[in-house]
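Shared chain: chain A. Partners: chain B in the first complex, chain C in the second.
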Partner chain A sequence: MTALSQLRDLPGVSSGALRNLAPPALLVFLVGFIALFVPSFLSVQTLTMVLADTAVLFILATGETFVILLGGVDLSIQALASLASVIVAQLLPSLGLGAFPVAIATGLVFGIASGIVHVGLRVPSFVATLASGGVVAGLALLAAHGRAITIEESGRGYTEWINATTWGVPNVVAIAVLVGVAGFFILRYTRFGRFSVAVGAGEPAALAAGVNVNRTKITGFAISGTLAALAGVILAARLSSGSPSLANQLLLPAIAAVIVGGTAITGGLGNVGRTAIGALIISVVRIGMTFVGVNIFAENIVFGAMLIAAVAITIDRSKIAIIK
Partner chain B sequence: MLAAQSISKSFTGVQALRDVSVTIGGNEVVGLIGENGAGKSTLMRILSGTQSPDSGTLTLDGKPLRLRSARDAARNGIGMVFQEQSLLLNLTVAENIYLGQEGEFTRFGLVNWRAMRKAALRQLGKIGVDIDVTARTADLSFAARQMVELAKALTLEDSTNCPLTILLDEPTSVLARADIDILFTRVRSLKARASFVFVSHRLDEVLQVSDRVYVMKDGLIVGEYRADKVTAPQLHEIMVGRGLHSGYYKEAQQTPPRPAVLLEAAGLGVSGAFRNVDFSIREGEVVGIAGVVGSGREELTRSLGGFLPQTSGSLKINGNAVRLASPEQAVKLGVGTVPRERRTEGLVMFLSIASNITLANLGSVMANGIIDHRRERSVAKEWLKRLRIKAPNVDVACRKLSGGNQQKVVLARWMTAGSRILILDHPTRGLDVGAKEEVYELVRELSAQGVAILLLSDTLEETIGLSHQVLTMRDGEITARFEAAAGQKPAQVDLLRAMV
Partner chain C sequence: MTLHSEQAEFPPQSRNAVGAPRRPSLAAWKTTAARRMRAFAPVFVLVALCILIAIANPNFIELRNLIRIANAAAVPLTLAMGTTFVILMGSIDLSAEGAVAIAATTLVLLAANDSNASNFGWWAVLAAVCASGFMGFLSGNIQTGLRIPSFMATLGVWFIGLGVSTYLLGGSAVRLMDPALRGLALTRFLELPLSVWIALAALAVAIFIQYFTRLGLHIVAIGGGEDLAELSGVNPRRVRIAAFTIAGLFYGVAGVLAAAQLGQSNSVIGDGRLFAAITAVVVGGTALTGGEGGVINTLVGVLIVTVLGNGMVLLGISPYIQQTVQGLMIIAAVASSLDRLRLKIVK
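What follows is the complex of A and B.
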């Protein structure tokens, strides 16, 4: 711990530089490290596979980026993703492609609900989303009767738009890139994006400047919920199954991806590009672990450690006297 | 004897103390006066160990003293009664008095509360007040809490062998007259046990209770007097400085207001804070509000900024009746607030200058729903030039700027937003003299451009100097109105009479 803090105190290493340069450097290092042992890792085929495997995590993490930028956190995303997978798997036979908008709209509705609970009842975001996540997880269990629902052969045609490959690029990668570009654009070029950063960086000042803080926050949670549901839908298509526990191990990696990418846990600083780097780091570490021979069941141990390390290195203690 | 020699201290760009030397003799009450920002509080914090000086030394009975924390100071017999009280309101009186000293009453990890209560009662006995030590501190009156603070400071008598020095930082600013008299009686009777440093900007009070008085101005000690050899008016002249003249507040640039009324309040009130407030601000008019803490003027400004919804009366902006429910709404109606808390409310400190300037009117740099970053930067650059904001470029975070430049960024934001009504809530707080003058100049400029300004200020001089009209408030109501045209400024004493 102190070693980490000292790293930040080295002359010439500002927390800003660390934040900007360390994540890409770490990614390059990790890829190079693996390629050293397994040269085939750098083949187009393998790298495409890595990207496809990162897509779901990245989409989840992009939604989470919006909430973390606002200075909050959304703990309901894995429950929402699971519920969306259940809805898609259940409705595909009857609704066909119509199942997708229903599942994604569910995410939107619960995202808005979490946001309203947070700003309307003044419940801290981690409590609001922990609770709403619990509600959502319960609904998923009820809806699926506690079981996984397989998407039958007849329904698979509808998931083609997710599972197919266009011009050699897996469609999931294209979807993730689309989400990433949209997220980047929203944060950089729209009123909502600017307000999000302002609220995260200094809520009282943003309020005094006439920013509608409540609406900004609710919108952030709505985006997070929607993208969580989209991630769940894609996951269901890729695994040909929906389950109330489908995304259960994804909350920690998603938050870790945001923070490891260099977005500040305290809000106000970060963007979707950083989250892309962070998500790739998480993916490469996961793959690297299998190469190095680490038990894959231990992956969340590694991600937990990475999250703690990233926060400990980057948080600026001089500006935050008390950490609660 | 506690002494400070050649103490200097600066905060990012502001020299708070310059070569300050003071001595506090045994069993002496030393007064310390000066306007807000003169450096009184900084000196107090250095004497109480919560801040360390950049240079200079402290000595106690001739021996050098290094204070690294309030605990260090306490060990050396220095206690502080804070301006903003340091009591924890959810604890009982006894728990507060012995906060941090529970060890004295602890056996085998268990606190003997009965012994603590008895000891607390003894401490209160020294002051001669009768307060229930088992009462929750939140249930006590403000004056009673002050006594508890004093009792807390007196516990040092038992824990150290050093002579006691108690620092009272503006203890009277929130007390009623009768309570002030009680406090003074206590201080005088405690002189046998301790020395006191009494900080205030109320001169008559300082003279009433002190043996000796130091006067501070702009981080310097500008005078030292025996209390029986000096009068309040004399002190005042030294405190505000002989250099004070109408030019300081750019009185020559004061332009008469135009007839159009931009803001009009009739019978305005917020329950529990202020009521029956009638006033109007015309185009180009600066209306100052003078009043002590608790007069309701703070809440009035919050209410006009949309932070505190009105509960009675009516408000008209540009002739239209409005009820302000949020700052967002106020901003949309052209009301901009320059808040007192510049660091938390004034600017988003971690955001760039450009983003802060456009935050209240992002639409002005957007095209088809998209922020035009190039246009945003050029708008910001324009303001940098016009307001002489000193910054390397418009992309640096506002926290890197000095206080004066930060304040200019806030004003640039409201001008970008096209605000026609500005609420200046202590706009020069914490600024050095040069930066203050620049703010005054900006106020004049804005007023000449027809912006209506409501001003709350740290000093009466500033309020009078800048305003066209001064209202005084007391206990939530307006008590008097003074015209303050250039060259015909009202006297401070007249205002004071209506304030207290």
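What follows is the complex of A and C.
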């Protein structure tokens, strides 16, 4: 086609250097740019706040990373997070701390269900999860009777472990780091992790090598669902409320975080570390826009454009014969 | 045995021959008879649904309720016409909600409204449809120019549209004050609101495009097998951009109707509409793999979704569960209609 796209198709031009170095460089540049305008941005206090604000996005994006690495996509994470927030807000008064495992287990169950629909019925993942996201969104509306549920004073004691600060570090940051480290190790050092990358890199080859592709995929969706629910729980605790549309605005930023970090939408290439950088970029851009004076209502324009640009740069076109 | 002999008469199409060998027992399932049954399955579902609901609650077949159904189907039908063309190509368009938001916002901001002094009347309608058409044009160019999958391109355009719309509205709702434009939803002709007639006109245009133009033929050809279509002289890039633009124009009309019905535009005017449109297309029997189905299928699909929604209200089922039912319908329809023999790897 055009000369530009031919250039991009040359091996080595985009795949290696750009994908590995661009995201961290972009992050450093963005932070430096904002620090020029607002020197106080580099204070420990502000940076801690940025990290705390990124935590939920990062946890969502980590789950999404597992699915995208497999070459699929999960469009149900925002619905699962919202449902989890509703469950926590509703069950905290009666179950206390027991509400958290219930909410997170719900995410696990629906994640597995999405995976089974995807591999069992052989429905493409974006349709399977669009549909399961609709199912979940309907259930969340039903459970909450269409309203937002406030976590009352009596229930707030139970959310303390999320909202508190330990040794100057907000607990949400600690939780996000735990999730990130666990995700990193699962992908790099477990059999499931290696299988995931193999399936994403080349499904026929993985199948021929004896990898149980179906089980690997279902596990990926299960992790995505579980982490989505965890993110929803944390969001509910931070906002002291649960609502069936609480996380609706987080789907695009979460996918964008994964892709901007340098994980290819075609699968097989990427890791949780990249997603951490991607999530930070998204957060810093969001904060930066307010500093530079871009209207906050326009943030979706920026994220949409970033998503398209990042997909165009990171995608591995040799894997798709016809781009549909 | 008969199945096997029939299978011999209809050898696998060439596009299937690339992958691993097909098992005859599975191939037999895809005989013409089965195909014909499958093509009419959505109609059976619709008829059965109508009968069941009518038995459970006779109010269903009252004229007043049928008009209510027609009115509720107007916007989804117009939207789904656009989505159909994109899905026929084997692509997907997730930008419907963003395009509706753009069209509705353009309309209310250019027509008489309670936020600024403009009063362009019907020119506002034209501008709204064009704005949404431009979003489609953008999607088509992003997909073909940057060569990225359509669901990612349109996911980005969805949020760009939503962002532009929220930005223009400043996060608030703006009311539409032009009586003539409000009349699109309020004025009735032969008992039906004008919006229903406009939706029917959109359907007629869509039927014309699909069955009587070269573009319609090319869209189906690309969905059936892009490599073959290209070798036969179809310019896939131009057809793709045209299809996304047409989809955008239909979304624009739907956005105008939605704004007229609501009497305003706000940041959530598109919410849930993408889901309804895709459900309708898929439930109607248009294959996500492309090349199979069409706008008539989508008409049936829209009626199924709308009748079911109406029936649930009549039967006293919580409206909140509607999305859940639609989600399950998508899964059931895709699972039963996907030509999985063509899909060696499902991603």
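In this text, the second predicted complex is superposed on the first by the 304 of 324 C-alpha atoms of A that agree within 3 Å, B and C clash if a C-alpha of one lies under 4 Å from a C-alpha of the other, contacts with A are read in each partner's own complex, and residues count from 1 in each chain.
Note that a contact is a pair of C-beta atoms (placed from the backbone, for glycine too) under 8 Å apart; a residue touches a chain by one contact, two chains touch by 3 or more.
Only a predicted model underlies this, so the values are computations on that prediction, with no experimental measurement involved.
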First (chain B), second (chain C), both or neither touched by A:78: neither
Chain B versus chain C as contact partner of A:212, first or second or both or neither: first
Partner chain in contact with A:191 - chain B first, chain C second, else both or neither: first
First, second, both or neither for A:204, with chain B first and chain C second: both
Touching partner for A:268 - first (chain B), second (chain C), both, neither: first
Winner by number of chain A residues touched, once chain B and chain C are compared: C
Which superposed partner A:300 touches (first chain B, second chain C, both, neither): second
Contacts on chain A seen with chain B and repeated with chain C across the two complexes: 204
Residue ranges of chain C in contact with chain A within the complex: 89-92, 142-143, 145-153, 155-160, 162-164, 166-167, 169-171, 226-227, 237, 275, 278-279, 282, 288, 290, 318, 320-328, 330-331, 334-335, 338, 340, 343-347
Residues on chain B engaged by chain A in the complex (per definition of touch): 305, 307, 326-328, 330-332, 337, 339, 341, 344-351, 355-356, 359-360, 362-363, 366, 369-371, 413, 417
Residues on chain A engaged by chain B in the complex (per definition of touch): 188-191, 193-194, 197-198, 201-202, 204-212, 268-269
Of all residues in chain A, those that touch chain C in their complex: 1-2, 5, 71-73, 117-119, 121-128, 130-139, 141-142, 145-146, 203-204, 252, 255, 265, 267, 295, 297-305, 307-308, 311-312, 315, 317, 320-324
